[in-house]
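The first chain written gets the first letter, and so on, giving A, B, C and D; residue counts start at 1 in each chain.
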Amino acid sequence: MAGNTFGKIFKLTTFGESHGTALGGIIEGCPAGIALDFDAIKSEMQRRKPGQSAIVTQRKEEDEVQFLSGIFEGKTTGTSIGFIIPNTNQKSDDYSHIKDSYRPSHADYVYEKKYGIRDYRGGGRSSARETASRVVGGSIAKQIIPEIKINAFVSSVGTIFIDKPYQELDFTKIDSNAVRCPDEATAQLMENHIKEIKKQGDTVGGTITCVIQNVPIGLGEPVFDKLHAELGKAMLSINAVKGFEFGSGFCGAQMKGSDHNDLYNLDGTTKTNLSGGIQGGISNGMDIYFRVAFKPVATLLQKQEHLNNKGQIEVQQGKGRHDACVVPRAVPIVEAMAALVMADYFLMDKINK
Amino acid sequence: MAGNTFGKIFKLTTFGESHGTALGGIIEGCPAGIALDFDAIKSEMQRRKPGQSAIVTQRKEEDEVQFLSGIFEGKTTGTSIGFIIPNTNQKSDDYSHIKDSYRPSHADYVYEKKYGIRDYRGGGRSSARETASRVVGGSIAKQIIPEIKINAFVSSVGTIFIDKPYQELDFTKIDSNAVRCPDEATAQLMENHIKEIKKQGDTVGGTITCVIQNVPIGLGEPVFDKLHAELGKAMLSINAVKGFEFGSGFCGAQMKGSDHNDLYNLDGTTKTNLSGGIQGGISNGMDIYFRVAFKPVATLLQKQEHLNNKGQIEVQQGKGRHDACVVPRAVPIVEAMAALVMADYFLMDKINK
Amino acid sequence: MAGNTFGKIFKLTTFGESHGTALGGIIEGCPAGIALDFDAIKSEMQRRKPGQSAIVTQRKEEDEVQFLSGIFEGKTTGTSIGFIIPNTNQKSDDYSHIKDSYRPSHADYVYEKKYGIRDYRGGGRSSARETASRVVGGSIAKQIIPEIKINAFVSSVGTIFIDKPYQELDFTKIDSNAVRCPDEATAQLMENHIKEIKKQGDTVGGTITCVIQNVPIGLGEPVFDKLHAELGKAMLSINAVKGFEFGSGFCGAQMKGSDHNDLYNLDGTTKTNLSGGIQGGISNGMDIYFRVAFKPVATLLQKQEHLNNKGQIEVQQGKGRHDACVVPRAVPIVEAMAALVMADYFLMDKINK
Amino acid sequence: MAGNTFGKIFKLTTFGESHGTALGGIIEGCPAGIALDFDAIKSEMQRRKPGQSAIVTQRKEEDEVQFLSGIFEGKTTGTSIGFIIPNTNQKSDDYSHIKDSYRPSHADYVYEKKYGIRDYRGGGRSSARETASRVVGGSIAKQIIPEIKINAFVSSVGTIFIDKPYQELDFTKIDSNAVRCPDEATAQLMENHIKEIKKQGDTVGGTITCVIQNVPIGLGEPVFDKLHAELGKAMLSINAVKGFEFGSGFCGAQMKGSDHNDLYNLDGTTKTNLSGGIQGGISNGMDIYFRVAFKPVATLLQKQEHLNNKGQIEVQQGKGRHDACVVPRAVPIVEAMAALVMADYFLMDKINK
């Protein structure tokens, strides 16, 4: 029940704390005979890792993936793929200040209460560093379903929003700026805002929009394992996520049926797509799109009250190298989780063929 | 992979189409020795069933649950609980008009594409009638965790919102009106709006807020099976749901960390609760609260374009007895799914004890 | 964890006690569009049910299956198939004599210790009556894989064994006698032996051999879910089973490698088949064959010592209608479980295609 | 579906080929706060590894386990435990002779047919080297249930059997000889026999008996997940296993009920234990004992016919360092798999408390 596995057919099981020897995982259910593109994997890892730009944490993490099994002469063999990502740079960090105290809006307190013990260094298992293993899994998942296109981008930072529908955006521009927002004017505003927030020792939340295109009709399982329900769980499992909506989302809840229904074209596509590419939990071939809300990072470079394990409040000055805004680095994580779901449901649907 | 099962320890597996002989399910993992309150189960079923008030569908469904196993002399025995809910009133309905045509924003088209066959009567497996089985499961789940209080209510209909925080609401008033909105003035506005919409042969969406109180600290599993991720999946699996947010939700994505962090009191509770009772996927003992968005019902009592299986558009006049707004009847379903998650995670956590 | 589900893709989940209202189950993962042969299902149920011949129990159980969902106009729809088997004839039996006492070599004592409560009537959930649901599942499984031939037969009763290899037997003769032994001379000896044992108020054990033919190459999953490991678990889950061996089995453990290795023919078949059709957990296209050991039925029509719940030994005279030898009626159960495994692994392998 | 995971609560997921970079796995569901005995783990690894004595293969495998996560300051933290076992000595072996040919009674042929590709070096994923990861998992499992005693030993080699019941054996003598047979006279006969077989370039099968003592009453789940069914699957998943029997086993199938039933003592124990410590799939507190049949190792140091991928038979001379009899080294593997099952069912039963 330990919650370290994602997926049913294409499965990723992960391990690792932020300051242990290594992170890693096992990928199961990867079809045999796929000639893996290792550069693509490396490139996804680069997108997630800290220190890429001025607006993200300057922590150095090499995030080099070592594959240990399941690949022979460059091709997948159908057996489980083990991998590790050594923690090369963490050893020297000093976390003694939080050994006996619980940071606000972190998981320190609940881990201690649940398990009676916690690896306090860098958040241990609850650290977002864990998502590195997800990106490995996701980048392999993408290679199983090359025809399905998955693009995520930052759609808001604080109260700065892109004010265009995704159809008007050029996804090739996503990585052209540090924020990963494909609308360049908005990106500039966001970047400035993040720098300002950072200067204050504060942090800010944001949202990521993800668009999945060229999806075959029929992916998704009725009732409890609807495609969007699994996408929602996937996103909500990412650190700091507070909300998920797809298609018309929360706005749709304000609409009338006569405005909301997507009428058909003769070829089975629909004139509008408020449904977000999914009907009754099953893909209908239209674009799947959803939006994910991230709260502001809890670690502030300010003085803050902690609770310690003697039941006292103590004031600590936040320090270290932390993101002022997590969403730019979360873009590849959202894509990775989306890819894990899509590959899993793609393989699942083969049973029906 | 068929997606008919929810839960890991406390599991509900369901079957049934809207116009088959019966719906039903199997509940596994229910602890032994619980003296079931059958009136409470019946009462939850009553809350979900059609025809309760002027603003919901006037369809008659008796929704009488027959328990077939797992209960001996009124007590659970620890073995699987089989149950059925006969479909007593559906036989006579005429669905020949949609036999060969796909209603917009329904699952008709994708079922046909995925399976090559569909029980077209009343939506078959994709009908919301399937949620009756969820309410049976949920009402038993509630009896496993009597100390945990779960209250859902309608927080918006169309653009009419309750403008108070949930702390100012009296949950005992939820069932005092047809809309299931505990704020009476707002409830009246909502009810009038739904009647107006109904007169137009139209439908309208809405949101449900759910508050879970008195939760033990420590429920939830790290990484992929975070408590809120499972709650999100549970809600997103309900028909017509388009979004889920918990704690600060999408608003939290606009905030700064210094405003968002929940500072501790000396007893481990927090002064604010923007986290929504969950840290790192694990309950912290504060109230869990979340909001669920429902799109407007797709079946309109208007003329609408359907696609037929010859690839033609045909105009059909919607008819029959349907809800103009689904949220009042969805309240017990949201509670049921929340109860399934909480009971499951409650039992899961016993392994750690 | 409750153990009521068998299978991963093609899944059977069951419920029901021997003296409750009904037994039943849910079949998930059945491919869509299969025109079910209901007579075949009925016929399998007939083979399992009591009262078919002089050598089995004369208890009357109608074992009529009612399908409630997942089937539309005679064809499977891909959604979950719910079914019930009403317990029509059990109500009047008197089980008050075992209410407070534990029969030797029955599960009465361990159920009471594990759950603190038990439905004592007829063994409750531990009754072999539960296998009726397995036969429903297995008879549908057979229809998914019509090309794979599954034949089980009684290969020994007590110390009376068939002394021929299965290749010399005519499987069409299996149902030609009450023992379900295709070798008629041996069948006669077995039948006489069972009648003799029955006269003594005693019972006797036996073995069933099962042969699975025309299996595609490649079914089975490496490491923990080897095809024969799942077959073994399937058989060991049947009431009264004490052992499982496949291919050369326990005899193989006495052999030398030079005698045991199966050398290849040019077409990939093997000259011998001591492997039993499975290499490294994966089918190689040769016949799969295995043997299952059943202990003698524990209920004797004799005086026997019971333990009661006051910690006393009491002598009770066994009574009622019970099998003197369970293996003839277990033949369709062995076939059903084999079919469940083969259909599941057949569908599982489609993911690799 | 890939079959690399064993267990439901206490789960072991493994990866690794015999000649890849490393083997390894992830252990989930290990309770928090256990001070691990790393020497005990190392000692179990030593028992399994090649080269321990004159009668086993002289291959050198260091089998050093590196733990990467889930352990903090020597104690388990409740999070997933990742580990690797580097393949230090395999690189230089030459397997080009089997690159295009399939050894008899090995999995070469079926892997190629199932996956269209195989890592032919040393059997790849089908190599018994994979069991090293099982021993890691099993040795941690043992530490979760220290009160339960698990002892396996060699009970036969070829046609040489221990002729005593296990109650007359001294389990502390198991590791006192190279064969791991606690009866010294028999051990000597076995050892001589293996040496003789080895001289012939041949191999021989054998059986292992395992005894599990001091088991709490109530472990096991009814119907499909009976305790002995899971033990059976666990054993059958080990390379080269052809059969499993528990309690009276295949002999029990020859007995009469009046001889087979285990009568109660006043304290709930039984006078005999033909049931093998399990009733209806649930432990009754008596010793659990079972026997596992291993076929002779397929790799012979003789000339043998292979099939090659051009559909030709070719004669190859077996070479290298291989076991003439696998059972002595399989003893710790049997114990490991038994420990995995017992720890899993022990934790599972906590849900009922």
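Just so we're on the same page, a contact is a pair of C-beta atoms (placed from the backbone, for glycine too) under 8 Å apart; a residue touches a chain by one contact, two chains touch by 3 or more.
Here the structure is a predicted model, which means the values were calculated and not measured.
*Asks:* With respect to inter-chain C-beta contacts, which pair, A-C or A-D, contains the greater number?
*Replies:* A-D
*Asks:* Rounded to the nearest whole Å, what is the centre-to-centre distance of subunit C and subunit D, using the mean of the C-alpha atoms as each centre?
*Replies:* 27
*Asks:* Express in whole angstrom the distance between the two chain centres, defined as the mean CA positions of subunit A and subunit D.
*Replies:* 39
*Asks:* Just give me the whole-number Å value for how far the CA centre of subunit A lies from that of subunit C.
*Replies:* 47
*Asks:* Show the residues in subunit B shared as contacts by 2 or more other chains, in ascending order.
*Replies:* As it turns out, subunit B has residues touching two or more other chains at 1-2, 4-5, 9, 14, 29, 32, 78-79, 114-115, 125, 222, 348, 351-352.
*Asks:* Using the contact definition from the top, classify how the chains connect: line, ring, star, complete or other.
*Replies:* Graph shape here is complete: every pair of chains touches.
*Asks:* Which of the residues in subunit D end up touching subunit C in this complex?
*Replies:* The touching residues are 1-6, 8-9, 14, 102, 104-107, 109-111, 113-115, 125-126, 130, 156, 158-159, 197, 202-207, 217-218, 220-226, 228-230, 232-234, 236-237, 239, 242-250, 252-264, 266-268, 270, 274-276, 279-284, 293-300, 302, 304-307, 311-313, 348-349, 351-352.
*Asks:* In their shared complex, at which residues does subunit D touch subunit A?
*Replies:* Against subunit A, subunit D makes touches at 1-2, 4-5, 9, 11, 13-17, 20-26, 28-29, 32-33, 66-70, 72, 75, 77-82, 84, 114-119, 124-125.
*Asks:* Mind listing the subunit C positions that touch subunit A in their complex?
*Replies:* 9, 29, 31-32, 78-79, 222, 347-348, 350-353
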